[in-house]
Structures are given as structure tokens and as C-alpha cells.
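To start, I am sharing the structure in question, which I have written as C-alpha cells.
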Amino acid sequence: MTQDKFKEITYAQAVAEAIDEEMARDENVILMGEDVGIIGGNFKATVGLRDKYGDWRVKDSPISELGIVGLGVGAAITGLRPIIEIMFSDFMSLGMDQIANQAAKIRYMSGGQVKVPLTIRTTIGGGRSSAAQHSQSLQAWVAHIPGLKVVVPSTAAELKGLLKTAIRDDNPVIFMEHKMEYNKKYSVPVGEYTIPLGQANIVNEGDRLTIAATSSMVMRSLEAAQELAKDNIYVEVIDIRTLVPFDKQTIIDSVKKTGRLLIVDEGHLSFGVGAEIGMKVMEDVFYDLDYPMMRLGTEDVPFPFSPALEFPIIPDTKKIYQKSKEMARQ
Amino acid sequence: MKSSYQENFLTNLYATMFRIREFEEQVFELYKIGLMPGLAHLYIGEEAVATGACATLEDKDFIGSTHRGHGHLIARGADTKKMMAEILGKKDGYCKGKAGSMHIVTLDKGILGANGVVGGGIPIATGAAYMAKIKDTKQVTICFMGDSATNEGSFHESLNMAAAWDLPIVYVIENNLYGISVGLKRVTKVADLSERAKAYGMKGLSIDGNNVLKVYETVKEAVDYAREGNGPTLIECKTYRHKGHHVGDPGLEYRSREEEDEWKAKCPLICFKEALLKEKKTTKKAIADLETSIVQEIKEAVEFAKNSPYPDPSEAFEDIYS
Amino acid sequence: MKSSYQENFLTNLYATMFRIREFEEQVFELYKIGLMPGLAHLYIGEEAVATGACATLEDKDFIGSTHRGHGHLIARGADTKKMMAEILGKKDGYCKGKAGSMHIVTLDKGILGANGVVGGGIPIATGAAYMAKIKDTKQVTICFMGDSATNEGSFHESLNMAAAWDLPIVYVIENNLYGISVGLKRVTKVADLSERAKAYGMKGLSIDGNNVLKVYETVKEAVDYAREGNGPTLIECKTYRHKGHHVGDPGLEYRSREEEDEWKAKCPLICFKEALLKEKKTTKKAIADLETSIVQEIKEAVEFAKNSPYPDPSEAFEDIYS
Amino acid sequence: MTQDKFKEITYAQAVAEAIDEEMARDENVILMGEDVGIIGGNFKATVGLRDKYGDWRVKDSPISELGIVGLGVGAAITGLRPIIEIMFSDFMSLGMDQIANQAAKIRYMSGGQVKVPLTIRTTIGGGRSSAAQHSQSLQAWVAHIPGLKVVVPSTAAELKGLLKTAIRDDNPVIFMEHKMEYNKKYSVPVGEYTIPLGQANIVNEGDRLTIAATSSMVMRSLEAAQELAKDNIYVEVIDIRTLVPFDKQTIIDSVKKTGRLLIVDEGHLSFGVGAEIGMKVMEDVFYDLDYPMMRLGTEDVPFPFSPALEFPIIPDTKKIYQKSKEMARQ
């Protein structure tokens, strides 16, 4: 991103812009999903696209998650570049066969003969009192399956550049948008730009602790970093950006400098992606570590409905601040 | 209207529909004034389906519900106080604030659960029927679902098993013409969803879902049929939701005002009230008294819910495993 | 048999069926002598379905296949050498040894892929049809599936979309009465699976799947119908697998010997050969020559496969991403 | 297991015995799945049960993974104790909504009112040339979902005791059997016994390295340990037994002694369960570690069909031996 002109748009608008630009650029790009058309998506992230590209390229689908992902796979291997929306990552559960056993594997099974340029957009994140079945951040499921790429963008600017790259990628990409972000405004570069998959991004420099975070936890970590700076604790914040492919070098270099690593991801803590991030860099940073690597994630309980119960289980700025303080003490 | 229907039975049906309507109106108010966390899917306009269907059941029977579940639960006799407290995320709610509007599960009254996953409750209800079949308990399950849920694989897999094994279950489709913004006819070719029963060798019927007696009679026959061990039935009830998809959806882009007006004119409460009065099954006064008492009941439910405390944060860590 | 059928066309149908049969017999031999890794699901007995159906297609068209896919691929003109090498896990196989019997994917000949997941190929084939529809390429897709695959949610979700949007696809069910050991009638009430078309407002037909001309004619009509933009058709072909579910299954516990004998008497190859001779469409000599040359072809395929090297272990790490 | 009488039976027979005993003990236990009845299961692990308990309690199902898991959930909350078989863990992908969004969460959503005594048996493991869609070990998916318990038994004796406990458990338990084990004979205690969920088991004592393993990797690790003993390297081998609940204390105590931890699980390495095992004990063993924690898992590629390609990607005795040697050097 070397643009010097910026505009203020919402995260939802960044989604729509990315798709719009790619649909304009390549007539093989299509969008399909529940309610993506007439109303422009449950989260208003695809507003205007159906009017512009018509009913066949921006298709309101039946409520058939398995069917639409599979349709996307078939369309992808025969020449389209489908973007399939699964309204909530919780409902990837219904499409997992097509995601994990078909999309992820067809290229490999064919011995490299076919490509699967499919983007699956879905949403993650709690905090809306949406309870147990609409709040999960299930990146751990897809990141575990070789053949898939997995993107967990942070800001609207990041999202836009990464989504455009995902759509152009010849492999199945799971693109996870954070529902609490859709209405937030961000400064986004004007004009065309893309961000490559597989490069983590240092969003704050520091020397006492490295925080590696995904999705909206990057913003929460930055907020914590600001607070910590007031205590003269300077933490380096890394936006992981993509879980697969994974850029471990950026984290290794940072931890070699700071000696401490905190990983923050909103998925459930246990067997979540944070564990892998730690273990991936383990061998390289082991002798540089001054403190055990630590993780923050959503507590290992289903999401409760009541806000009185929900907020306590999700990582937030305060929890990141506290954990960082604990870790950064000499 | 069959002359054999007693006043009591008929006014009870009306009372249930009115209770649902009033409950939902109050939920909407609570949402608007910011007291309700999250969202809720209102049942207003579809009251005849839950009311007519649940009136056919015995105490021991089961129902499976959906994301639009308040009406089913009330028709099944659930406590409106505990429901309202749950919807506000309070400690005295049915599920201690863990469920909210979309997930109330309570075996109290045989309620297998609302469900936030479209189609998610269908196999579960089918499982209750399997239990009843193999333990020969003579319990019948009614499984409610939306029109668009019939496009989920779970619908197909469940109905196939229920038919193959003659399970004691009645599948009730509430066809309100839309799944969120998507008109069913844009994504499904068949006009009557009861046609889908043929795929399973099951009986299927499509009826006016705004006529509470029609619903009652049709479902009753199916429930009796199931209880006698003859297997499942699929019943499509054509109806309409008066409000948007959920409390936060104005619902303006995808439906026409004419369509809305047409259906509002077929309001199940108004139609039934008029029929009752016309056939002199009750009096205006009796209805008015009934309505007043229900308004009061729901008011109390709202007060109860408002006054109930929020659960303690530590409770988030309870009830995961038994 | 229509008098308009040319000898060439007819003997080609026979040749294809014979090629499949001979190929499968050799696969079985290779398994028995321990040269084939894993398992394979033989198509013996069902040759008329793939043969009749694929004969209706143009070069540009697509097929979607199943775990029992050798017959579909051969009928579509796939190279028997590359297939056999793939089945032995060799480097010169269609997919360099990565696919094996159950996963051959090659856009060569429009083959969207065999599929190890029952029902897994149905939405994929539907997606190819969606592509053809919106790009107006006039390509038609034939999607094969087993009888039991029609109980998967993927079947339901796919056919609903295909019908709603008039996609150019023909769904062909190979009803061989069983899914592994489970007789369809133990888990599905409907006798003719083409009944399931009604659930989608789709045309549905049930036919004798052992009669290659009947299959050809029925599928041809459906393919033309699809190509003209009229939408999908569901065709159930009743047939039978002569062998067990896979090469390692003797298949003795769940089928009766009488049932097997009855169906073996209806062998699609024998019946068609007899009909051809009876109607003097060809001669015994011509058939014998054809058979000899195919036996030789398959022998060469086996030799080719045997002589092909195994892939280098390092190749396991290639072809994951493009 | 304090029995002193043992018998030799296969792993498949151990499954059948466990289910048989539990069905005899409690008439609410039922078994349902594809081909579990007449032929006694695709892996012959339920032979004889249909004859004994009849068609309704041992039910051959249609090929409807989502449907049968959901049916199991409904039957479980209304009084039965269903055992549902998913023939391959790869096909959990089709039932994941009912597994992860329903079975796992219903108790919680109900505020503790209902219980879900459901056992889902499925199979894991490569090595049979079953290729990309029949070889995965997908424990990472289910271990990540709070509300589920996850069992990864090693030998037939372990399997039998753990399966009986799983069936008696009032929570949904995912029970993962290893397909390469079914035909192997093991020494199994005669008579009734159960093994609790949540207790890891030290199967070999040692002082130089701790190997924590799951499922058949426990046996491979023991074989490696025997080889290592010849080199005078004594490794402690721990059978994890259950991923959820997880017994971290046994591993912590061992690593405090050995200073080195190797984790072996047959799931794909990245974002697999091994990462979590490492991170779970990290804080407690950090200052005792003499070497970075290491993991072995299946390489991050879809399973190829050809044995020439498949064996190189799966962890085996030799790889465990080599990695152990590398780690155990002073």
C-alpha cells in the first residue's frame, strides 16, 4: 500500500468495493450466497452489486450451504471464479465436506490438472448477543486442511487488498470477515491495490513483547499497545493477515528482538489457531524466549446469549493489556 | 366451523393466538427501547399455525421449533415470564440467559428447542420420534420449520428416515414465502411444498395456515395417524409474517406493500375473531375480557423480565458438561 | 430397436460395454494378485447405464462421476492405459498416482471427477451446469450417482437449485438396490427414485438400466431438453452390480443368490449382444473380433500400468496449490 | 485395569464387546450407522450385535451423516443413549452442524436442563491407500468445540475401557478408532472394566525425553522407545487417551523430569492437536525445557493414493525414532 490518497469507508463498503472491482475486471467472477443479492447481504457488505451485475452473477441462493459451496467448486473447476458467501462461519459446518474434502483436495487428487479459484467469504466474531450458533470464529477448522488458504483480515484497508488477492488466487481461499467490524469506518487507500497472501504485517513497533494477532484482535492489540506505551512498555504488534500461507519469519524476527510472544485470536482457545502459531515459531525462537509464550482466545465455553455472560469470555483490549503487563515484567 | 366445537376450546385457541401476538409486540417494544440484546424473529401473522398445531398435542408429546420460535413455545404452554426473561438475557430466563430468543430448550412441555440453525431442529425432532417409536411411548412430535428450511439437506435426510421407519412425527412447514429476503419462488420451483412429501413416500398436504381451525383439523388427523403407528405426514401451512425478518429488519426491499396489505387483511386473529362472533361461539365482551387479561399477563412478564437480574459472569463457565 | 440405428453406432455401444467389463475383470485380477493398492468398486453389471448415457454427449460436455466410476470414465472415452496406471498408483496414471480408483479427476473429456464421498459429486456437477448456463456455452452435464446417494443432503440441495434455475444437467441414478450392504428399501420408502424429481418440480423417469438403448434414448431426450435451455431431468436406471460392493467384499450376507442369479440373467452385455444378432444388426464374427481387440487393448493397459514406475516420494509434496 | 486375567482379541472385537456389554447393561443404548447392522460394520467392529439386539436397536441407516447424528441428538435428549457411527472421520464434515452446533451446545444453551448422552464413533488414520477423502484424522476439528469430549484410544484394551465409559457419559463424546488397528490382536482384560476419561497413561518410563502420543501413534512410539533403549536412550511414553478432557498434569510431571517433549499425532501437523498439547503445558514446563518442544504429524498435504506417496507423509516408528534421537542428544 503505497497510495498516498485515502478515503473513509466502512469495512462493509470495503468488501463491496473489492468484489465490485474484481467483477468489473473479470467477467468470470460471480457472487452467490444467501441474501447477497436484493438486500446486499445480511451485513450489507454486497450492496449494489446485483443491480450492477445482474441476477446471474450476483445470485441469491436457497439456504443450502453444502449445495452452494459445491456449486462453487464445480463452477470454479470449469472456468468461473466464484465467491460463495456463508453467512456465519458456524454454518461452514454444513458445507465442510465441499470445503475440506472437495475444494481443498481436487487439485491435488487430479495431480495438478485442475485449479479451484474459489473464494468462500464468511463471518466470525462474538459480541452481538448472537449466542452459541452465530458467534464462533472457526478458522481452526479450515486452517487445518491442506489445500485451503485462510485469510483473517484486520482493518477495512487490509480487507480490501486481501480480498482482491483472494479472488484472483487460483486456489480455494477461506476469507473470514469480522461481523463487529462491518459498520466501522476506516481509512482506505483510493484506487487499485492488492495485498499478497502470506506476508504478516508489523503494525506497531516495540521491543518488550511481541503480540501476534488476527482479525479484529489486531485492533484490540493496538489499543492495548497504546495503553502499554503510557506505562513505557513498547510492544510490537503483528497482524498475522493469513493463517495459510503462514509467514513465520516476521514473527520469529520480532520475538528474537522482544523475547516474548503473546498470541491473540478470537477462536476458542483450546485447539485454536493460536497454539499453532506458537508451535510454528517454537524451534526458531526457543533460545531467545525470556518468558513462556502465551495465548488469549475465547474461553472454552459455547457463546452464551446474555451480554453479561458473553463479554467475559471474549478477549478484549483490557485482557490483552493485562496479559501483556504480566508478560512484560522483567 | 364444526358445531361440535365447544366455546372453551375455541376461545382458548383465540387466547393463545392473542397471547403470542401481544408477547411479540412487547418483544418488539423492548427491542426498540434498547432493552433486548441481539435480535429476535417475530411470529406476528403466523399465530394460527403454532396455535392450531399445538392444540392437537398431549402433555407428553414433543415439539421441535425454529429461530422464529416464540409462537411455538407459547402455544405449547411455555411460561411467558421465563421466556421474556430469557429474551432479555436474564437469570430467571428459561435457560438462565444462555439461550436468548433463538435457542430456548426446555423439556418442560416437551420443547426440544428453538434452533438458530435453519433446518437444524429437523433431525433432532426426528430423533425424538425415533425414541418414541422404539420405546413405544405413544408420544408424537411436531416439527416446525420455515419454507426455506426445506432446502436444507437436513430436511431431506430426516424426512426420508421418518418415512422409511414410520416414525411418529408431523412436519409442519410455515410457508411465509420468504427466507429473509429471498422469495421462495426465486430458489425453488415447486409451488406447494407438500409436494416434497412424495419424495419420501409420505403423505403431504398444503393448507391455509392463517385458518387456525383448518390447521388444527389437519394436524390433528396427522397426529392421530402418527400416534397409531402409521408414520409421518408433511403439512405445509401458507402464511405470512407481518414484520421484517427480525426486529431490526424493516423488510422493505424485497416485498411489495400490496403483498403485505393483502396478507395483513388475512390476519389469523381478526379472521378467527370475526368467525367466532359471526357464528356466535362467543361474545365481544368475552373476547375483550380475555384480551385484557392477556395484556396484563404479558405486562407482568415484561416486568418480571425487567426486574430479573443479569446472571453473574461466573455462570458463563457452568452448564457445559454434566 | 429402431431401424434407423446404424451398425457402427450399435457395435460401438457394445464395444464400450465390453471394454468396461473387461477393464473391470482385469482390475479384479490385479487386486486378487495383490498388485492393486487399496480398493476399487467394480461396475460389472451396470455397464449399460454409463454407456447409454455417455453416448448422448458431445465432446464439450461434462460428466460427474462416483466412487464406482471406472465405467463412466471409459464410456466417456478416457484412456484405459492412464486409468489402469492410476488404479495401480503409478506415475503414468491420469493423476500421477494421487487419485487411485476413487478420485480420478481430469478435464480431459470433461470428466469432473470420480468422488469418494457419496453424493459429493452432485453439487460439483451442478456447478459445472451453472457455469454453462450463465456463460451460455450450450454444454450439458450428466451427473451419475448411486441409489443411496439420493439420501444425502447434497442430492436434495443440488436438484433444488438445478430445477429452480433451469440448469443444463441430467441426473442419472444407478439404482443397484444397495448402498454397500443396506438394501434401499430398508431405508427409503419410495419405490421409484424418480419420484424424487417431484420435490423439485423436475421431470423424472424410471427405466430399465440394463437396456443400453433404453438408457440412450431416455438420456438423449433429457440431454437435448437441457441443451435447449429447458432445465434438468432426473432419470433412475434400475440395474445391479454383479460383484460385491468393492473388490474385497464377497457380498454374501445381504443379498440372496436367487436375486443375484435373476439379475445376472439380465446382464446388459448378453442381452444387447443377443438383440443385435437377433435383429441382424451385426454378426457373431464381428462381435468376436471386437471382443478380441478389446481384450488385447486392456491387456496392453495392464502391461502399461505394471511397467509404469511408482511416483517419487517427493511428488507427494507437489500439486497442493497452484 | 487391575484384572489379572487377559485374553487375546482384536481391536474390532474390543469395540463389539464394549458395545455389547453396554447394550446388555442399559436398554437405552442403541447403535445406528451405515452398515452397522447386517454386515456388522464396514470394519466388522459391530458383528453380531444386530442379531442379538434386533433391527431397531442396531439400525442400518441411510447414507445421511447429518441426519443420523441429528437423530442421535434428538434421541439422546429424550432418553436414549445412542451410539452413532460415522464410517470415516472425513465424513464428520457432513455431520458437523449437528456435532458442533447442536450436540455440543444444547446442554449449555438450555442452561443445564438437558443432557446429551451421545457417543459418535468414527475412524481415523491413513496407510490403506484410501486416498484424500478416507484417510484423515480430524480430531482437531472436534477438540476445538467446547461441549464435546474427544477420545483417541490406543490399544484394544484401552479402547474397550474407554468406549464403555464414553457410552455411559452424559455428554457427547467423539470416539475415534484407528482403522489400521481393527484386525490387530491385543491382550485385553477379561471381565468388566472401564477407564475414566481425562487421565493420561504412562506406558513406558524414561528420563531423557517425553513422548506424548495419541491413538496408534502410542504403539509406534513404544516401538521407537524400544529401539532407543538399545541406544541407552530411555524415553517416557505417555498415552494421551483423551484430548477433551485433557490431563496436562501427567505430561507436566514427565517433562519436568525429562526436560524434553515430543508430541505425536496422526492428524495433519499444522493447526493439529499436537500444537495445543504443547501450548497447554508450555507455561508449566517452560523453565524445565532443555530443548524446544517438537511435534510429528502427517505432513500438510492431502493424502495421496499411491503407497509410494502415502507412507512418506505419515509419522511412523522410524520417524519417531529419528526425531527422538535428534532431541535426546545432550
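In order of appearance the chains are A, B, C and D, and numbering begins at 1 in each one.
The working rule: contacts are C-beta pairs under 8 Å (C-beta built on N, C-alpha and C of every residue); 3 or more make two chains touch, one makes a residue touch a chain.
In this text the structure is predicted, and so the values were computed from the model without any measurement.
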* Which listed pair, B-D, A-B or C-D, duplicates the contacts of A-C in over half of its pairs -> B-D
* Where the centres are mean C-alpha positions, what is the separation of chain A from chain D, in Å? -> 30
* Compute the distance, rounded to whole Å, between the mean C-alpha positions of chain C and chain D. => 37
* **Computed distance of Cα centres, chain C from chain B, in Å** => 45
* Structure fact -> CA centroids of chain B and chain D: separation to the nearest Å works out as 41
* Which chain D residues touch at least two other chains? -> 61-62, 64, 66-67, 90-91, 94, 97, 101, 108-109, 131-133, 146-147, 300-302, 304
* To do: Any chance you could list the residues of chain C touching two or more other chains?
  => 95, 97-99, 103, 115-117, 120, 151-154, 157, 160-161, 164, 186-188, 320
* To do: Pick one for the touching-chains graph, please: line, ring, star, complete, other.
  => complete
* Residue numbers on chain A that touch chain C, as the complex places them -> 30, 56-57, 61-62, 64, 66-80, 82, 97-98, 101-102, 106-115, 146-147, 149, 170-171
* Spell out the residues on chain A that touch chain B in their complex, using ranges where they run on. => 34-35, 37-39, 42, 60-67, 90-91, 94, 128-134, 299-302, 304-310, 312-313
* Quick one: which bits of chain C touch chain A in the complex? Just the residue numbers, please. => 62, 64, 93-99, 103, 105-108, 112-113, 115-117, 120, 122-135, 153-154, 157-158, 160-161, 164, 318-322
* Structure fact -> So, in the complex, the side of chain C touching chain D is made of residues 37-39, 86, 89-90, 95, 97-103, 115-120, 148-149, 151-153, 179-182, 186-188, 253-254, 310-313, 315-317, 320
* Asked: What does chain A use to touch chain D in their complex?
  -> 66, 90-94, 96-97, 99-101, 104-105, 108-109, 131-133, 138, 140-141, 143-147, 243-244, 246, 267-268, 270-276, 278-280, 282-283, 286, 289, 291-295, 300-302, 304
